[in-house]
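Sending over a structure as structure tokens; questions will come in a sec.
For reference, chains read A, B, C and D in written order, and residue numbers begin at 1 within each chain.
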Amino acid sequence: MVSYTSRYSNNILKSLLPWIISTLILIILPFIFTGGGSVTIMNQIGITIVMAMSYNMLLGQGGMLSFGHAVYMGLGGFIAVHIMNFVEDGLWLPLPLLPLVGGLVGLGMATIVGSFSTRKAGVVFAMISLGIGELLAASCIVITAFFGGEEGVSGDRTWAPPTFGIEFITQIEVYYLIAFWVLISIFLMYLFTQTPVGKMANAVRDNPERAEFVGYSMRWVRYVSFCGAGFFAGIAGALFAINFEILTEENLSMGMSFNILLATYIGGIGFFIGPVIGAVGFTLLQTVLGLQTDLWALYTGVIFILTVMYAPSGFTGIVTMHYVPWQLGKIHLLFKPYAKILVPALIFVAGLTSLIELTNHVRHHSQETSITLYWITFESNTIIPWIVLLAMTLGGFYVCRVFAKEVVDAWGEANYVEKG
Amino acid sequence: MKLFKKFASFVLASGVFFSSSTFADTVKIAFIEPLSGPYAASGSQGLAQFKFVAEDQINKKGGVLGGKNFEIIGFDNKLSAKEAVIQVEVAIDQGIRFIAQGNSSGIANAITDHVKKHNKRNPDKRVLFINYSAVDPALTNDKCNFWHFRFDANADNKMDAITDVIAGQPDIKKMYLIGQDYSFGKAVAAAAEKYLAEKTSVEIVGNELHPISKVQDFTPYARKIMASGADAVITGNWGADMLNLGKSLTEAGYKGPIYCYYCFGVGITSVFGEKGVGMLKAVGEGFHNPAPSDEFRQFHKRFKAKYPDNDFDQPRVINALSMLALAIDKAGTADDVVAVAKALEGMTFDSKLLNTKVYMRPQDHQAIQNLHIGDHSADVEFDMDNSGYGMKIFKTVEMASMDSPTTCKMKRP
Amino acid sequence: MTLEALKIDNVTKSFSGTEIIRGLNLSVGKNERHAVIGPNGAGKSTCYNLITGRYEVTSGKIFLHGEDITNLSPYEVKRKGLSRSFQITNIFPKMSVFENVRCSLLWSMNYKYSFWHLLGSQKELNDRAEKIIVELNLAERKNTLAGVLSYAEQRALEIGITIAGGSEVILLDEPTAGMSVSETEYIVGLIRKVTEGKTLVVVEHDMGVVFDLADRISVLVYGEIIATGSPQEVKDNQAVQEAYLGAALEEEH
Amino acid sequence: MDLFIINFLDGLIYGLLLFMLSSGLTLIFSMMGVLNLAHSAFFMLGAYFAYQISLYLGFWVGLLVAPPIVTVLGALVERYGLRQVHQYGHVPELIFTFGLYFVIEELVQYIWGKNFVEYRAPESLDFVAFTLAGGSIQAYKVFMLLCSVAIFLGLYYVLARTRVGMIIQASLSYPKTVESLGHNVPLVFMGVFGVGTGLAGIAGVIAGPTLQTYPGMAFALGSIVFVCVVVGGLGSLFGAFVASLIIGWMKTFAAAYNVGAAEILIYFGFEYPDNVYYHPWRDLWTLTLPQIGPLLPYLLLVLILIFRPYGLFGRRDA
């Protein structure tokens, strides 16, 4: 009996360990990345994480492709901003509880829309979500009393009564508020995957027909997941409202929904943690790469297409692929080929992107001849950079092709299980 | 190994994450506009003009504060309020104290709101908002604040000028108002109704708003306008909505004038070509035919030499940067933005280059300046879109709306 | 009169005008092991699909323990205590064997659409799933993804999913199709074991299996039951002989 | 009445243009089960290619040459992109075409810039064909109308009367059987995807001069085409035709008649508020039909999907 208890508590500790580590990381992060700009970006990453995780409840866990998930986030956010403004008129609600209200709004909306949209999955579901998304995004402009037209609705989070003496004036205070809700949301979403209906969502995704023959209506299973996703999207919306203090029609727009799809997919929809990676990666692509080049969207699009084609389980999938070699103790076989291909691959990518940037530069900024790429400034109207970059691209590509075989062989070797 | 180091430094340096260094030798101005995506054209055109004016008009003349140069840094807001707020934060974090923006009043609203809150919460890192193009009247009325300065005439001022011209045209008896269904479109319609009633006996035969950027085919609207018997049309449309409306009207056989705010540049002038002659009549401060001065000819030549594909269509950029430079010199600091703002208030700027005066009204931070009504014409010295067509001034309203009322109640620190 | 476990009363089914099932009558008593045989295309699978709500009947009624289940949806039929397997393996390929079995237990253990129970701490549920997996001889493969099991193991899992919910009436669709002799033995043994004390309807081509398992046999030809009776009665039936011989002759040509 | 007729004609022209787009989309869907989200991007490519060619060789050469280029591009995308994704299932295919849309849009901006380009109707069609109720109809619009009708008849002929059409028709209903009959279904897929995108390309070439050629044109028309196809019934060419016309007329007439909510509200006995701009229901009182016109197709889409998920003319099991 004693041993059972200790094993039990040991298990609990083991399953709680990732959460404790995550909490610590979230606490430490602002001390590593200092400066208002980086906290703003981290806040945005946090919001995107909640949103992408919520989206993955639909796409990854439930097999529903939605083109209108921003609707639930947007509505949650709009209500949250309005409440922030009501707080000024004497409504008592501490700011840290606002995401709960946002979540309930998202839940409410999902309850309505889900009641008819979850009857079918696949194209029909996708198209209903597109229709609803377009409808609401467009009514944003028409219903100005609630949505504030194209300039949106803004509020001020500092009007809320102070919570434990915190007024949420600085970004860092907001960061910890968001971090708290990110943890709570991820934890709850994780628990959801461990419940009967969460598990049946996977079953319905894999084989809806058989799920019906074990007694579950696929529609109701989808409906519950859909409502759950709406709830967490609403939380993300309220966090958005707290962080940015403004909600506009953009929050409900197709573009927003598309971005979430991109982020989630690049991260990997088949894994619980995938959307977190995707949200971090995508936000950095958007903000950091966006500062470097105005072609960031092109690069993001290409990365997305490559993911869909060659790594359907996303970035997380690529990482988890290495679990088997690691377990077999053969991961070291991969180090050398990887290191070998890394250099030519980097040269290839650097060369190709530089060529693209250079062409773009000549095409659209013809008179400014000096251009800086990867910290090297040179003249774009001379022939030498072109030759060098072309050589880098082609050479890098060729060497990659040669080394690729080694990688494939090593991969096969590393995954080979001896019989016996 | 060298490459690896390079890669590592790329990863590190690409982050705004680590960098928060401030260089004291330049006065940095963050230019926050759409620089990617479908609306990037106007953003990158504006950036070119800012960079050129800073170099040509400020830095070459010795800069400010005895030798500090203006440095324009572009930030991509992707025409999104959220991104704009993020970029403002990033800019502030890089030590930038002046934010310039103008495309889309919605974004301007978000920025002015954010700047107001930021300045209240961070008195040590206050910033000024240089609005060079967003014309929603609310920005200098109900939503005005001490940190916001508008260098473009607002929608009301512009309508004031348009209706001055219309009042002098007795053959215009019936007017059709059409605009995009959002705050700016509504502001244009409201101003048109008001001024037409005040100044003329023109009958408004149609007043409607259409969904913004959602109408692909304007033919039914054109039919309606034809059927209403309108002699003239007023519209605040821009981009594809402007182009499609104008094209549908010509195709439907409409022959009258279209008074517009944004019917030139970004390809619109070149697509209209000969068909726009006698039809498009735009309001703005930025038309240079005939040339305002010899100096401007030289200036324009230098600009075109550097940016042959761009138009210099926003001379208010010259006003904005020149006035900012004067204010910084007068305040003796580029860090204490309160002093700079106080110097800017009530300033009258006499531009030899543009041969005009600009007055920054202190009560609402609205710049008062000459407004022109221009004709789409081939008889121009400076064309647009390199198309051979440009805007030829046929009427100028001096210091337009100098005494217009404002609801602004400005709180000063 | 005791109620039949399953009763099909004059059911017809047409697909765009063509009648596939024509006035089908069948009754299966409680705890009976009933086999349905017939040549290919006779309508056996259609018949299953009609009973379990995959297709809507054109006319007629279906009763389960005397209760009308005509045109109920598959999950409602299952909740009333009727469960089926599929001819083409129909499992949850991206979930482990254990999860497959546990999913099929959920409804019958009244978890419904719960999002407040954590599966990991439901001791009874997990124990039952473990027990079924042991019965299926799949204990070693407990944590393997169902999609990578061998064919015979998948067929065993298919049966496991079917019986896990504790339904009173079990419909099996060609449980031994495509199996070797030894695999067939294993599956038949399994079926015997897990359907103890239940009503079983099985569609099967392997006559050895049919005569081994069934108490009674019905012969379905061109959408009609032409004979029902004990194995011996069916063997001796003239119409059955003709139908089967006829079919055999046709196949030869 | 004259105004009605002229609006009817305008709506017809617009609807037929939509049909040119939706026919290709529905063809692809019925063959491959893929809703090609990048369809409007190919439409845009058609316009831009034709523009580029017209700069050197004139409009007519562009009309002839641009669609085949788009067709080849579409076929290549199927061969080297979609086929790779096919193994993962339908949802990844959908997501792939979505990514493709994104990339094409960026590429177009990369190559042709972000401004409007000067793609014009040919001079020879730049005259007023006829005038009705004071409104004139340009010869180019008549040309558009004729083109779309020709395409409809051509498609109909190919599908109903030729051997290729029979194979396609058969593949619509029984892809497995057609494959077992020895037809190279992957090749048919590639061909159909190419032709489908080629149809979008033709639509782009023809519509470019009137709807304007700019990087936002794909987005502007993108989702409305899905509405046509889904409302008509996925995979039904005739359904796409009917739905395109319905939506063409719906949008045209909604824009043409200024029916205001205020009139209706007053009719039902509500009183017009004194200061409408501060009234809580101000948006309702000032609402007009043209304002919500572009929303109507989406409303139709959602309603159709709720009450008839397989569309007006779709097969139930599709």
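One rule holds in what follows: a contact is a pair of C-beta atoms (placed from the backbone, for glycine too) under 8 Å apart; a residue touches a chain by one contact, two chains touch by 3 or more.
Since we're looking at a predicted model, the values are computed, not measured.
Chains that touch both chain C and chain D are the following: A. Touch-path distance (fewest steps) from chain B to chain D is 1. Greatest centre-to-centre distance from chain B is found for C, with centres as Cα means.
Between A-B and A-C, more C-beta contact pairs join the chains of A-B.
Centre-to-centre separation of chain A and chain B, using mean CA positions: 35 Å. Computed centre separation for the pair chain B/chain C is 74 angstrom, with centres defined by C-alpha atoms. Centres computed as Cα averages put chain A at a distance of 44 Å from chain C.
Put simply, the C-alpha centre of chain A and that of chain D have 31 angstrom between them. Those residues of chain A in touch with two or more other chains are numbered 138, 142, 295, 297, 364. Shared contact sites, meaning residues of chain D that touch two or more other chains, fall at 113, 291-292, 294-295.
Under the contact definition stated at the top, the residues of chain B that touch 2 or more other chains are 37, 40, 44, 181, 211, 214. Across the whole structure, chains are in contact as follows: A-B, A-C, A-D, B-D.
By the touch rule above, chain C contacts chain A in their complex via residues 52, 54, 73-75, 78-79, 83-84, 86, 90-95, 99, 102-104, 106-108, 111-120, 161, 164-165. Remark: chain D residues 3, 6-7, 10-11, 14, 105, 109, 113-118, 120, 128, 131, 133-136, 138, 141, 210-212, 214-217, 219-221, 224, 251-253, 255-256, 258, 288, 290-295 touch chain B in the complex.
Those residues of chain D that touch chain A in the shared complex are 35, 81, 84-85, 88, 90-92, 94-96, 98-100, 102-103, 106-107, 110-111, 113, 223, 226-227, 230, 234, 280-283, 287, 291-292, 294-295, 298-299, 301-302, 305-306, 309.
Of all residues in chain A, only 59, 63, 65, 116-117, 119-120, 122-124, 126-128, 130-132, 134-135, 138-139, 142-145, 254, 258, 261-262, 265, 295, 297-298, 300-302, 304-305, 308-310, 312, 356, 360, 363-364 touch chain D in the complex they form.
Against chain D, the residues of chain B that register as touching in their complex are 37-41, 44, 181, 206, 208-211, 213-217, 219-224, 226-227, 239-240, 243-244, 247, 251-253, 266-268, 270-271, 273, 385, 387.
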